[in-house]
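Each chain carries a letter (A, B, C, D, E and F) given by its place in the written order, and its residues are counted from 1.
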């Protein structure tokens, strides 16, 4: 395989699609051949994404897919499962950002979504999150990028499983705070600036679909609640964990170092001085980093685990490119080396 | 990438790329200026600034 | 005339309509009889406006207007001129918040809008801004509330005309910054939280329709540019004025005191100490106050006049209620006594 | 007792002190005699609080207290306990906004604070929150306004105790999100605009002092974590509750109606349509209302209780005035009738 | 000269100092040897700048400067002029971000600042802005990075001078809107989150020092007013220009293409469709790009020129690195290729 | 409220209230204009605009 590969993005006018285009444009090994959009067909990519005005590329119809080495599909839930054959015809490697291929069984789609039209793909697809599934990615031909809130939660809790602090039947509350880009590029009254500014809005009090994904990959049933807050990028998961026995700060450091000591994109931040003492979305905004950290609450025999990601990066497009890098045998961090800003408002 | 042809942007004078199959009357945006342009003739392709699309823009 | 009057609001589901309902609910002399909405017919007012959940009122159709003492109409430009007869049938006093009756001649509507369907009303209507037109309001039966950006500008510049500092042919640049509530309750991509947060967006670089209104009432042709910034409520006008001769700070204080010394809703803020030294939208957010102030730039022989209002209040609903109070012989400040918050983010 | 009473505010240059001055200024029964500040002595109140520019009042030293009917003290923790004798000399009724008189035993101050210098007052003081302690307020001479985060939590969970859904030994996680005004008017790097904008910052991961207050008044030990988010006013508590047996939505509505059906300042919001379906700080910003609501998560046998207040109002100054109204036999809601804005950014 | 160079940053704990460290860390030709801070001496760079946690570098005292190829100095006004000899001892190339070496004559420092202690350097220093002064940068040993607001203004107006539309004696009003990072990392009440959120605050109504810089480099005396608005990064200058004769849109395009057609970091955006039609700070946030654009107002014979930059990048650190690249004969765009985000809140 | 006296605000000409015990040289803010004023003489109290206190204001 040559080092210069071609790539396409279905759903290129959306938020994660635009992020993919940005990442692929700056990636040493990819050349973007196509970006699709039905609503913006024939318009320049820069018409929608002002940061990509320098790209000499126009949106084309998703009906006319060009042949590429890797096809990223960033469409709403349900679209990819309908078009998967066309996608696989167009590219040897398909990386899908929707929920369509994340779970392993049709029954889960019946329970949490509206069923599945091609359940035979569910076994074949690989979950993209390298910290969880790196070994199965090389050569994978269908990769499912994780959900943003699930990714944040899984990253935070995984070390506790790795270290045997959690077994899966404990009580865990996950209280998530997310930015407006999670909702995608569509317009609605609830997401208008006047209605959505300055909020702490319980937008998924219970029953959020990412519970299924967390259960699938951690074997843990969590009590999950998501709030929308006033930022654009970012997802922060606060996990309140009640382990069976006492756990010390030292145990926790050991667990986190054990799980992430060699991971290029995970940083443990747990206490210390200065303004930024725990994971915060601001600290990772625009980057593919996940920050994880914790505090121990002996009085309540509770562990509090914090996890912060940029939903557009580690929570979707960045994770997708990371997985594609591994799948295709490229340098794992290629195109993902941006380390973030300070100061930064709310990217 | 699909086939493209070049034309002159009427606002900036810059050479710009357009899809090869543009048609007379089509409104297309310019990669040089972002402006909406109308294709007024083909062979060679000639462009004019499109009449303002009074899109509501948030007032 | 009894002191207890009935009121209706056409366009009650909109932003200024909701503000009118809030003000009328808290007003000692008004009883709200009706609020119309086509999209939310039969829903409670609290469904749309969470601050009015205590109101026992449901939206009804604008086709079925009830008879009231005063009817406030808060619909998009063009609606009131079509329905003015029905409005006047329903109420002796109509206060319209749109631009439909602000200008005095049909030709201006041809130039700045899409013409006018009942120009015969243009002469009869009274401009609502009491600081400009108090003497003509008592007994008026058709009142046109001023545009928010025009109101801010007029309030700032009026003292210079009153004091003879400006005659009308001078060079004046007005650079306005506005919040997202100016756009009303509709949803669009440009006004979604993700696209509109953190902006300084030139949304009316030239040719803003409020130029006509300013010219009408000050006799001054201004160079007018409007920017959208990250706040919800608020309009701030910075007027860069080039007078013919030298003007001192003392002259300016005299001018502003002369024009506004007795005005209940205008405050002059010009220098001094502390954090809030000049007019700021934050300082008047939620109130019917306009803050005006100035600085003198001898080097450039320029006066800088600042003016800040809450577009939902002094810039529309508050001004409308203020004018109605005067028109109906009520206490001028009734229902408008809220003085604002400190601290406050961006109300 | 006459209906016209005099009032003073110690700490009048602070955030809650300014809010008290605003409320007292608009209150039909109070006349403000004094506002103290050491740093702004002799400056006008409007120098610090731009919304109070109309007040003809200058800060004076807290050393020279005037005699008033009621004295509100809004100073940092530890100040009131040192000066309580002087405060009680100056006024028959003292309402303190700090934590100094909230708990009932000196030992609690040893554990959670830095001890107490006059524990003999702890038994005599009354907790201000009327929804909890209305019957003991009339005639009280020392009233302790609740902590903002404790107030939000207590308001949310109280109905579950009233209805017997909770007994006190259940698992309850409280995940709180707060605005920057909670930190008071002081300046620090962490609270500068550049560092604090757009954040989801775990500022009290464990060990927050309000745990003591919640335990005191609900008899419940909670797992408590507080995050700072990008708003100025507002505190939102999400309580994840694990009751012993099954609880239905109907049970919950009954509980909330039972506890708050007659309360003038508590509103239950639980599902429904529109943009604002659950409690949100925006919906109550600037008001003395608390919004409470819930959702039932049968899968996890969890109840999620939401509670939203304005920390400056229901969470401090508003609660204080509410309690003073009751203590002094005034109309309970006097001076507290503001119902809030829509739309509103982040007041 | 080898391609691998060493660099130091004086004032590395500040906002622009941190930005320099970020850029140098990602630069292919620089190795950071030293970052100074007096307050954070011996702390890791990541203690202050969370995005630089991966750097194995601790702050050292500015008293102990190491010898490097290029020294960036990012200290408050007045510091560099006092230490310039030490700086030049430490490095052959010094790039200063303060105002200390931007103007050419001591008299200007007397008028606009507090005088100058080493005016002999004023002639030797080179202004960093490559679009203005590229030809004099190669080999320069003292480079003065431009002021952020001056840079935005100069970039916007330069094409009008290049094309002869302006000669220097015309009336030009420059109305600037800036984010909070312009104020640097220090804490003050005016810049606290609660006081600074949601503002449109006239913070330099007249007499801003950057007027001197604009006059120096464009030969134009501007009427200059600066407002603080709610963003962290970003400066937007709106220039209201009154040329002597009529100017068409085509003339303007020609002027801007003529000046910036070959510039790697300037983009002309003037009308068109979509959400982003004119320059906006959001579109360039985090990048070294300047966006410039315009609109023609025939009615008022006015040109409106918009210019938007990230004050931390094109307005300071990015400009400094750009100039250093040229001075040292490196690839001009090295280390500056980040193209920005979409969507993005307020970076 | 403490004792007050009145004086004329030199900027706006408005009557303003001041604490009764102001002293010559004292800097005090005006309730009319917010400006910092210097007491230049007593009996009657005369005020002048105070020299700008170059407070850092966030630039």
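By our rule, a contact is a pair of C-beta atoms (placed from the backbone, for glycine too) under 8 Å apart; a residue touches a chain by one contact, two chains touch by 3 or more.
Small disclaimer: the values here were computed from a predicted structure and weren't measured.
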{"item": "Required steps from chain D to chain E (each step between touching chains, minimum)", "value": "1"}
{"item": "Residue-number overlap at the chain A/chain D interface, same or different (half cut)", "value": "same"}
{"item": "Maximum centroid distance from chain C, chain identifier (CA atoms)", "value": "A"}
{"item": "Winner on C-beta contact pairs when C-F is weighed against C-D", "value": "C-D"}
{"item": "Farthest chain (mean CA position) relative to chain D", "value": "B"}
{"item": "Whole-Å gap separating chain A and chain F, where each centre is the average of the chain's CA atoms", "value": "60"}
{"item": "Centre distance in Å when chain A and chain C are each reduced to the mean of their C-alpha atoms", "value": "45"}
{"item": "Centroid spacing, where centroids are CA-atom means, of chain D and chain F in whole angstrom", "value": "37"}
{"item": "Overlap residues in chain F, where contacts from two or more other chains coincide", "value": "29-30, 34, 57"}
{"item": "Of all residues in chain C, the ones touching two or more other chains", "value": "15, 179-181, 183, 185, 188-191, 194, 196-198, 230-232, 269, 272-275, 277, 280, 282, 343-347"}
{"item": "Chain E residues within the chain A interface of the complex", "value": "15, 18-19, 22, 25-26, 43, 47-54, 179-181, 185, 231-233, 267, 269, 272-276, 280, 282-283, 285-287, 312, 337-347"}
{"item": "Residues of chain B defined as touching chain A within the complex", "value": "1-2, 17, 19, 28-31, 34"}
{"item": "Partner chain E, residues of chain C touching it in the complex", "value": "171, 173, 175, 177, 189-190, 194-195, 197-202, 205-207, 211, 221-223, 225, 227, 229-232, 234, 236, 238, 240, 242, 275, 277-282, 295-297, 299-300, 302, 304, 306, 308, 343-347"}
{"item": "Sites on chain B touched by chain E in the complex", "value": "11-14, 29-30, 33-36, 53, 55, 57"}
{"item": "Footprint of chain E on chain D - complex, ascending", "value": "15, 179-181, 183, 185-189, 191-194, 196-198, 230, 232, 345-346"}
